[in-house]
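Order as written gives the chain letters A, B, C and D; numbering starts at 1 within each chain.
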Amino acid sequence: MAIGPIRTAIKVDFEKPATAQAGFHNRWHPDIPFAAWAKPGEAFHVECFDWTGGQVKNDDSADDILDLKLDGVHVLSGPIGIEGAEPGDVLVVEIQDIQPFASQPWGYTGVLDKAAGPSLLDNHFPDALKAIWDFDGIFATSRHIPHVKFPGLIHPGILGTMPSPELLAKWTERETELYDHHVEIKSELMVARLPMEEGVYAGQSITPEAFAKVAKEGARTIPPREHGGNADIKNLSRGSKAYLPVFVKGAGLSVGDLHFSQGDGEISFCGAIEMAGVITFKCSIIKNGVKDFAMNTPMFLPGPVEAHYGPSRYLTFEGISVDEDGKQHFLDAHVAFKGACLQLIDYFKQFGYSGEQIYLLLSAAPVQAHIASIVDIPNSCTTIGIPADIFDFDIMPREGKIVPLDMGSCAYLSKK
Amino acid sequence: MAIGPIRTAIKVDFEKPATAQAGFHNRWHPDIPFAAWAKPGEAFHVECFDWTGGQVKNDDSADDILDLKLDGVHVLSGPIGIEGAEPGDVLVVEIQDIQPFASQPWGYTGVLDKAAGPSLLDNHFPDALKAIWDFDGIFATSRHIPHVKFPGLIHPGILGTMPSPELLAKWTERETELYDHHVEIKSELMVARLPMEEGVYAGQSITPEAFAKVAKEGARTIPPREHGGNADIKNLSRGSKAYLPVFVKGAGLSVGDLHFSQGDGEISFCGAIEMAGVITFKCSIIKNGVKDFAMNTPMFLPGPVEAHYGPSRYLTFEGISVDEDGKQHFLDAHVAFKGACLQLIDYFKQFGYSGEQIYLLLSAAPVQAHIASIVDIPNSCTTIGIPADIFDFDIMPREGKIVPLDMGSCAYLSKK
Amino acid sequence: MAIGPIRTAIKVDFEKPATAQAGFHNRWHPDIPFAAWAKPGEAFHVECFDWTGGQVKNDDSADDILDLKLDGVHVLSGPIGIEGAEPGDVLVVEIQDIQPFASQPWGYTGVLDKAAGPSLLDNHFPDALKAIWDFDGIFATSRHIPHVKFPGLIHPGILGTMPSPELLAKWTERETELYDHHVEIKSELMVARLPMEEGVYAGQSITPEAFAKVAKEGARTIPPREHGGNADIKNLSRGSKAYLPVFVKGAGLSVGDLHFSQGDGEISFCGAIEMAGVITFKCSIIKNGVKDFAMNTPMFLPGPVEAHYGPSRYLTFEGISVDEDGKQHFLDAHVAFKGACLQLIDYFKQFGYSGEQIYLLLSAAPVQAHIASIVDIPNSCTTIGIPADIFDFDIMPREGKIVPLDMGSCAYLSKK
Amino acid sequence: MAIGPIRTAIKVDFEKPATAQAGFHNRWHPDIPFAAWAKPGEAFHVECFDWTGGQVKNDDSADDILDLKLDGVHVLSGPIGIEGAEPGDVLVVEIQDIQPFASQPWGYTGVLDKAAGPSLLDNHFPDALKAIWDFDGIFATSRHIPHVKFPGLIHPGILGTMPSPELLAKWTERETELYDHHVEIKSELMVARLPMEEGVYAGQSITPEAFAKVAKEGARTIPPREHGGNADIKNLSRGSKAYLPVFVKGAGLSVGDLHFSQGDGEISFCGAIEMAGVITFKCSIIKNGVKDFAMNTPMFLPGPVEAHYGPSRYLTFEGISVDEDGKQHFLDAHVAFKGACLQLIDYFKQFGYSGEQIYLLLSAAPVQAHIASIVDIPNSCTTIGIPADIFDFDIMPREGKIVPLDMGSCAYLSKK
């Protein structure tokens, strides 16, 4: 009756590119063939590349972040068919464990070049930046952001089921509408990434016809949507359960973009501590759950195991819906959150950090971003709290001049 | 050497209207005379009306919510001068305690009529609603929302210092600009409440000249701003420290809008459990702190004492930047938060609650609203988590039909 | 339908001795008349003296601790009859709130003279000691133990139901047997306090016959027993539920010995922060619960609201079953706990505290005492953890000499 | 600058007995040669057998527990020399990670036969028992104790440094004295395990002379002592730091007896969920720390990451110093703890469990055992709290008959 070691449904081979291996894809589309199957109640491992498929190196330059090829991201592991799952069911995905590879005990936080797409503070930090994090047991430390150490709350940035053709069409339609509107008003903002044939990968067993369809129609993996996707929820860690709606027979579960740790908001787009690793799933099915739970977007239960800091150890900053130019916005939580982050950055610069270091840190460390109020016209209030206990010096506001420490430097572009 | 009972700096007399008593005001303006003074290090009580000055009754009709007179809100206690505080200093306000009055062991959550101003889901719930909460020791229960019980995390919705004339002018300018823009585009949205002479109250000792000035220029108390104000931060409870910038000599601390409990977002505008009560302060001053901490908006440290639910007891819902009509917005956390709330409401209706009851509950109960990701174009992901342990039945998603309970009703308009 | 202010079932008058007032008693006996009645589901306040009935002063001498008259302790409020409770039922006591009196915002920790009875470290600290604590909002601070501040987890040291005659007889028999054995072996230890006529108080309405019986037979209130009693459980605070067996009709609930805070073990006998105050109860009855739950001793559920420190903020010390003289005991958790406390005291002396100060602090602060192992012959391992965040200096073990602070002094006997 | 995969200082080969491999030992003695060395600041893995060296099988009979050979336990990995450590220093051992072997995703809880040595309730459960636990990701479940699931707080039961000859002599002297006393009084209790030549193993590189000395003098590994040892502290998990006194040059760190989870007290002697696995250390040295910290026994800091249950989710039972026969003991925490455990067991039998199942469960699940009071003569009060959230049914005491579930059976002796 003993349970043996559990099988690995999808394996990574770091010697070959992801696009030369079975078990990976980088678009959402119902015609991508399932790479593996699992039974309800069966535990299985899924190995994952980091989101870029290995484009970032453990070095002291941000050049690789600048040079990132984004047409082929995110590299996802899957799709995995779950036996018995049918449209209208809810797939319950228990995350039994997540670990980095022992052979790659490190990850990175990046800030992309502004031209590559928006990050929260791209007007303030337009150039590519990088910090490397070493996995020191359950903790992360960084030679690029010294005097900080915190345990990882490891989670997948992306977890989702395959859309039905109808849902996929709805996604494309609404995102195209937004995109077209911005083209029309001559906005320079990158507001959405629409289906695009460059860089598409849909596994090894796809037919040319299906591939052509996926390439043309496949939804990009950047945003979270009704099926899950790139939700970047930092608490979806070991022991969590995600409840995902099922849109196709077998569900088609895919996963990727693993994070060793992430702050709420993942504020620099390549935020979090990005890593390759192994995730262990056990799935079950709630028949007709979508209707019974009136489900439109996923639900989840975080796991019971987290790092705990006392509530009074979170130094917390406020932001309101007034932007850096003093302009008043209407209940804009995005602007308010930006303001809270900028306030925090200014505060921490007094200790000797560069703004770039704190921007990277906020993306990676277990900071809590709350919507405090969203009805007090014209200002929303959002807060961002950072745990004092992740620093090895005293960050509390006190009487008397702060003596800055030597904080070294994060990784910049080599040509700067 | 014994410390005696502490003094009450501002007292409430429920037999008279707030506007006939010293110690209260309802605008932010540097010319409002200080109602009391306190020394750094001295503990003192401040009594507070509820935000409306007593307009809401403990009954089963929402008529009083419909009839709320808003020109005279919020009724604040203050301003209190803190000896030695000067512009550029940081005022450290320790909240030593907050209690409801023993004679008024109840509070209320309201949804305003849509015409009175925006609440998060006013398109869904346009009419006035109300729920009364009884303070059952440290817990709140409601005859209008049965099967729920939770401890209060009592806090002031409003805590702020008096603005300087320059800061006041900046507020009015930027809010007027927003207001004018909306008038120009013929928006029907109430986007900001500008200074207005009706209903102004500035204490008993003000000169007619000063009063005229306050009436004309005084900033409304609705939004949070750089001085604190109506931030509605649910964790600013017993044992917390707020760090507020000082803009005028003596700081001019005012407080009001006490909440027995509030959910993140305070999503219905008269959300939270509104109450009258007593707050106990102890203040200190950090000289030149505004510059030394690069402070633009307040900072705070929550208190160490909170209700704790295991992380895996928060059933959590996701929202993305797609609105109820299926329209795609760009990284809009407000839209995403709305989606998460609607999803939660739909789920809980399966248990027999009305949408109105859950809307009121979300405003009042200790729900956690997080910004999960704000860079994954075009969707933000926000989450809202509700603790299972505040219900006396099992709320977890499970296989099998849910059997709805008899959930009674919240308070509606009598004419409906 | 509004709920009004709640009634006070038992009132304290500080102008008169407890023994001249209705509502108090200091022995456990079924013939003590009930001082008040309450209905199931009804909230009511009960006012309490401190355990000594006011013998200790807010001053800087331990003389009053030395002079404590112990024959009349503990001063309990009650007994309160709960309508409908019958032997065999379980009385569910919800502690809705506990507060100190606003007029007495202080408490004390004492170490009794060794002759008055055992405290954990009486061989090390044989003389009477005292520390006064000021209630600084939700926090306690002490002029006698500086650099420490922590929120109170207020609780009743004593909460119990009245014993039946049979249970009372069983108590007396088994405690007398222990007492007699120690007399026989000429032990000098005070091992039990048997019924004693001096100092007995049983309320104002008792008949002379009943009084004589109570005086002769009434169980002393020192130990915890099957009915609850002096359990000194530090987590039985606001929002807790105690499940007490009922032995007499009406249950006969009594309460006293309120503590603003206590460390696990209450290691100095007059440990904890002793105070007078008001407790608010709401009771319900589970019929036949004693049998259905196979209940022999009370059960309880702590409240949801506590101070939370991160687990890694507890500096923890170990003790084993080897005493100060190096003698090996067999799996003795008492000896092991003593060792852990002594180890902690020695450590903190390096920071400038006296052993007396830390002994008092351990009795009062929220320290956690765990039984780690109790089967590893011949040693038990017990641990005591103290939260770093209650100190305003860094207590962590680090490389480099500790620089002691000026720690002043606790209160000693004046004649010393 | 990249950090590579970390080395494994001691390896387990499951194909051979521990006693045929380098890197293991089962006595404490300064003459056992170091099996490996590590530098301060260097991370390294240490592989460990389960405490018995593999004597227990994943099956449904307790026969292997009955047949356990105890002369060769505990199988420890080590000793490991830490460069630069000298007597009087404090060795800071950071536990970076602990994992079961992927190839052995299971552990066991056993109750030894009473003749093999005391367990807390051996009078109630004298025969050998066993439960197998499967590691379901971060959770443990058992076919022998259904309806229970909880995350592991993995920790080493044993972690210690090598004693000096003087310390070793002191141990033997005091334990022999206890032993001899019990022989003298003709006690049948197994009170201590003295040095014994049978079963001794001291690694592969020891000289015959040294081996003879170790065999004769080596301290058994059963109890915790001043160097650490078998402390069985359930919170010494990932991210913890242990501060151990150094008695010999190089410290001589050894580790073993890994537990996937343990309840406070480890009440059945082979309690906890025993497992083989890999622990990752990083050590540093505080010079002269023993004197500077006045250290007599180890200190530690738990890690920041634990399962968290709300405080009000711990159903808690009390015990007093009265034994099962009604006999009164004097402030005996051991007796009180036993009473609390028996009370809990009786309560849970109502749900359909056998007493044996709960006895095993209490040893393995994250139960909290506190010393509530230890000065209230003649009774100590100890409490044991069990988290409701580890059960998949409602364990709370409520009105109405409990309907027992089918709870299957734990593993018994086959001949029963």
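A few notes on this one:
The definition used in the following text is that a residue touches a chain if its C-beta (ideal position, glycine included) is under 8 Å from a C-beta of that chain, and two chains touch if they have at least 3 such contacts.
Since we're looking at a predicted model, the values are computed, not measured.
Greatest Cα centroid separation from chain B: this falls to D.
Of the two chain pairs shown, B-D and A-B, the one joined by more C-beta contacts is A-B. Distance between chain centres (mean CA atoms), chain B to chain D: 51 Å. Chain A and chain D, compared by their mean Cα positions, are separated by 39 Å.
Annotation: 32 Å between the Cα-based centres of chain A and chain B.
Each of the following residues of chain B touches two or more other chains: 239, 303-313, 389. For chain B in complex with chain C, the touching residues are 1-6, 43, 58-60, 94-97, 102-103, 105-106, 132, 134, 136-139, 143, 151, 238-239, 280, 282, 303-309, 389.
Put simply, chain B touches chain D in their complex at residues 307-313, 389.
Those residues of chain A whose C-beta lies close enough to touch chain B in the complex are 90, 92, 117-120, 170, 174-175, 177-178, 182, 189-193, 222-226, 230-235, 239-240, 243, 264-269, 271, 286-287, 289, 292-306, 310-320, 322, 326-334, 337, 339-340, 342-343, 346-347, 349-350, 368-383, 385, 396-399, 401-402.
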